[in-house]
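Here come two complexes built around chain A, the first alongside chain B, the second alongside chain C.
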Partner chain A sequence: MIISFENQLSRFLGTIAIFTAIIVVLFPFFWIFLESLKPPSLGGRPDVWFFEPTWENWSEIVLNSGVPLNILNSFFIALITVVISLICGAPAAYAFSRFRGFHGARYSILAAEMMPPAILILPLFLLLYKLELIDSRIGVIIAHLTFVVPVITWFLIGFFDEVPKDLEDQAMIDGYTRFQAFYKVILPIVRPGLGAAAVFGFVLSWNDLFYSLLLTGAESRTLPVAIASFWTFRGIELGKMAVAILIAVIPVLILSYSIQKHLIRGIGGSGVKY
Partner chain B sequence: MLMNAAQMHIKYKLILPLVFLLFGIMLYPLFFSLWLSLQDYRLTRINDVQFVGLENFGLIATDPSFLNAMGNTISFVVGAVILELILGLSLALLIQKLVIFRGAIRSILLAPMFITPIAVGLMFRFLLNSEIGIIPFYLLKVGISLDWFGPGLALFSIVLIDVWQWTPFMLLMFLAGLEALPKTPFEAARVDGAGRWLTFSSITLPLLRPVIVVALIIRALDAFKVFEYVFAITRGGPGNSTETIMYYIYQTGFRFFRMGEAAAASILLIIFILIFVILIVNLSRPKVIK
Partner chain C sequence: MGQVTFKNLSKSFGPANIIDGINLEIRNSEFLVLLGPSGCGKSTTLRLLAGLETVSSGKILIDGKDVTELEPRERDIAMVFQNYALYPTMTVAQNIGFGLKAKKTPPKLIKEKVNDIAELLGLTHLLNRKPNSLSGGQQQRVAIGRAIVRKPKVFLFDEPLSNLDANLRLEMRAEIMKLHRELGATTIFVTHDQEEAMAMADRIVIMDNGLIEQVGTPTEIYFQPKTRMVAGFIGNPSMNFIEGQISKNCEISMAIGRIKVNIPPNSGKDVEVGIRPEKIKLDERKSKPTEIKVKVLVTNVELLGPRAVVKMQHESGQQLTSVVDHNEMDKYRVGTKISVSLASQALHIFPRIRD
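On to the complex of A and B.
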């Protein structure tokens, strides 16, 4: 018995439903993985399940394509974006959580988070064009900051809200300044929150297509843009597309698995009281 | 009243970096966008920019493709969000009842929401392709012939892809919501002999309402931004049956180089989203019982 319904029929149907959901989620990955191991001659054959697996597509992508550079770009851009977001977001989130008079500020962070990229891309593109920063990693970092900073700040407000105020009061009685109390007492306590926020921000930046598509060129192209270029679907390319997809997907799956239990508090922020 | 840096209250010092950053990367671009929407600004004639007042808004509001894109986006958002809500809630209730493997199953079912959307788009384009896709191939074997990305079905297929990727988000929210529910009302209901359905509809649902509203708003606002699936699969086609508002703005600004009109369209989009949020928040406010 894996599901606790009293009624035998509901138990049966419930089990079926769960299994169906698992298969629906896992099958696409499984099929893409199979495709990545198929020799190019069998690429795109829906009837072929058994074949001599080959790492040809993988080695072609890893050794003989621009994808490693794209991975580096994506990684570098996401990393810098997250670091800047934490440096600016963490002190502010702490202030929003602790001091009065920031009620409106909290909601403007949420509003910033919801801002459609369509309205920001036009001015950003023109500005970066004038500054000759199109096809530069800096340009993409600036664009990614527009959505990673609000998300990380919002994420952290929730974590700071849960730290009891007595802690820094005690620290300040012991002679710390407010800033030292924040830096030396509170920050270490919310380290799991900082980590979760950083991972979440990293994943968001890593996954972005819209900004990267318009702001990058050959030099600064990120992985999602590179994946999008497999659009033509030529039979030979399918295996390579599968590899590129898996390369983009596997790191974020591992990363986000590590922060699952923190996600709710982060996304809901302190705005969601259950 | 002037303050020098040393006198400034610590709370302002703490938010200073964020304020500077957000001014630079959000507020300034926003105003730039507003200005842009009032100009005849074309990337092809960058030295010949003219003030045209509200003309761009008139052009956009009467442009059949804008209205079509708006209509497609609304159908997409409504369809996707409702399906995700129902599926997410059902799965959350089922997972809560699981006796074993609960953690593992939850992790598996949450996975899609973290994946690069463009990869999801291409993955399903491949799986559903009428010539090389495995799903149509086996559907045909049992006598069902569907052209997933043909006229009529394409927008629905994109809704399904969104459902695949984002039902996990609803699931995540509802699992947390269910876990945080107070136990007493349920015990009282059991003592009173209330059935499963009655307990669900008169206790679980009302108690979950705040979580449902938040999840709906976050998901709907996100769904308005749908771009990757369209870009990965149909590029707006067949015809313009899957052209969404983001894709429309992308085309207007970066394929036809009409930045002024694209800015006007994005501002109309924001206004629309604001109205939508206010409506949802008001509609979902619980009625005050005296």
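On to the complex of A and C.
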């Protein structure tokens, strides 16, 4: 095989580009990890590179702060949000995928997704206030549903589109109702899609700061709000913040990695076909 | 039992009339083939009968019972789709037994019946496999097994053989016919392969543009085509058509000559005369009054196994195609002029439709 100069050059440039990208993406994580190991006396000094590493920040956060409760809140809120979103989103996505005359309608979901959350926050706040659900996990779940349901619905449409219509026809001929055909035949086929959508929705809810910041108090505070609150009047408690950030980010990285195969198809909704 | 009746059945998708008022009586235990060009409404007809599409107007009866408004699951039919529609998450055994499960059959009985069917179709060693690990022919068998295990009144097949290679297609064709003889169930089989239709059918229904053109046995369809469409659609190579006019004394005059024929009623003045390629004979004798003798130029000869297709041109520009035995081939040399004869009893007369 002859490798031409051009090919070699482009391969070399490509390798450099990839390494640059990896460094650009990974460097912040590395830096945050370093911050988390700095003694508190050096906190807020990003210019210091050499120091004696200590687990002081970690033990402080895990043992002496509200962060464990915040993690629990975030986890619980994200979990319930995802379960409800799947129960609503899967049948909705199936309907959008199957019924004639609905093809254009699916793009209205995108509109719901793209709406700035600021539009919803005032009515939501008033509503939850009247229902006395401010600073409650249920309130945050309701707020999160407003963007997780459309995302999960959109995500699943593409998966349903790829299931041949003949399968539910066959099931209906075989003696089942359309609904039975849906949950006995179609849902098992899109199970990878359901899993990926669940992970995606979970991460969205887990990461949300906007709604949580405005709707939670001490009781229902979520992890992103807790992270933000390390920025106090006395300055940024960088060491503790770094610990909390790492705790928030690690599950996201693991979950994203687990669904990477399905992510493109899901985000493409109905558009991407391959 | 399994007798199906369509009464004035129509289906439209939006403004387009896909099925345009068809009437058809399908007999018990009959093997009926729906044949027609792509897009003529064959699949739609099957889907209407299966209950997968709603009827726009008209009625469907099964064994005299009006099923027009019934759900698919209430009609007691089975269908085999073109790409088999096997449930990918279930094993072969679960696929075959899925319909029995819907009827709340006890699991032990399901197992028994599935095993019987698997044995009948030679699937026993595959029962625990998933469909996507099977070959096309095996998937086809599973789809058929799933259909017959429920012993429905009517079987529907929508081009089930078109995804198989030629040998396998012949094999499955024979197998489906054997099953039909053994089970005696009413079968409606859609295809656009006329050879398949001829070989399998008790009766053939020729459809075009949502209408039934002709219903008849394969012999009737081939030898007595009722319409120009049927005549042109059936037969390979297809029938020759020659434009002509009917004159007063029961004669048809064409660019290639004139001939006295039995003219069917209401064929109008302008007609098209059809003749099958194999009826055009090489002829050196003097012409008889019951045939036309035509001098033509041989333009092409193509050997197709034991037969050869000869293309010829008359000096008027009229093209003719004939089929001859391969050992007669050397009488037809490209570029030479020969004499052929068209016998009057081999001619089919159709009114000419101007468009």
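We take it that the second predicted complex is superposed on the first by the 242 of 274 C-alpha atoms of A that agree within 3 Å, B and C clash if a C-alpha of one lies under 4 Å from a C-alpha of the other, contacts with A are read in each partner's own complex, and residues count from 1 in each chain.
Rule of thumb we're sticking to: contacts are C-beta pairs under 8 Å (C-beta built on N, C-alpha and C of every residue); 3 or more make two chains touch, one makes a residue touch a chain.
Because the structure is predicted, anything quoted here is derived from the model rather than measured.
After superposition on chain A, the partners chain B and chain C are seen to fit next to each other with no clash.
Touch counts on chain A: comparing chain C and chain B, the chain ahead is B. In the superposition on chain A, no contact is made by A:L9 with either chain B or chain C. After overlaying the two complexes on the shared chain, residue contacts for A:L63 are found with neither chain B nor chain C. Once the two complexes are laid over each other on the shared chain, residue contacts for A:I173 go to chain C alone; chain B is not touched. Look at A:A218: by the touch rule set out above, it reaches neither chain B nor chain C.
Touch criterion met: A:W31 reaches chain B, while chain C stays clear of it. Vertex at chain A: the C-alpha centres of chain B and chain C lie 90° apart in angle, rounded to steps of 10.
Applying the stated contact rule after C-alpha superposition, one finds that A:V185 touches chain C and leaves chain B untouched.
Of the two partner chains placed by superposition, only chain C is touched by A:P164; chain B is not. The gap separating chain B from chain C at its narrowest, counted between C-alpha atoms of the superposed chains, is 12 angstrom.
In the superposition on chain A, no chain A position is in contact with chain B in one complex as well as with chain C in the other.
Chain contact summary for the complex, chain A toward chain C: residues 164, 166-167, 169-177, 180, 185, 188-189, 191. For chain B in complex with chain A, the residues that touch the partner chain are 10-11, 13-15, 17-22, 25-26, 28-30, 32-33, 36, 90-91, 94-95, 97-101, 105-112, 114-119, 122-127, 129, 131-134, 136-138, 164, 172-173, 176-177, 180-181, 210-211, 214, 218, 221, 224-225, 227-228, 231-232, 245-246, 249-250, 253-254, 259, 262-263, 265-267, 269-270, 273.
Taken in their complex, chain C has these residues touching chain A: 47, 50-52, 71-73, 77-79, 81, 83, 85, 87-89, 98-99, 102-103, 146, 150. Listed in rising order, the residues of chain A touching chain B in the complex are 1-5, 14, 17-18, 21-22, 24-26, 28, 31-32, 35, 44-47, 84, 87-89, 91-92, 94-96, 98-99, 101-102, 105, 112, 114-127, 142, 145-146, 149-150, 153, 178-179, 182, 203, 206-207, 209-210, 213-214, 223-224, 227-228, 230-231, 233, 235, 238, 241-242, 245, 248-249, 252-253, 255-257, 260, 263-264, 267-268, 271-274.
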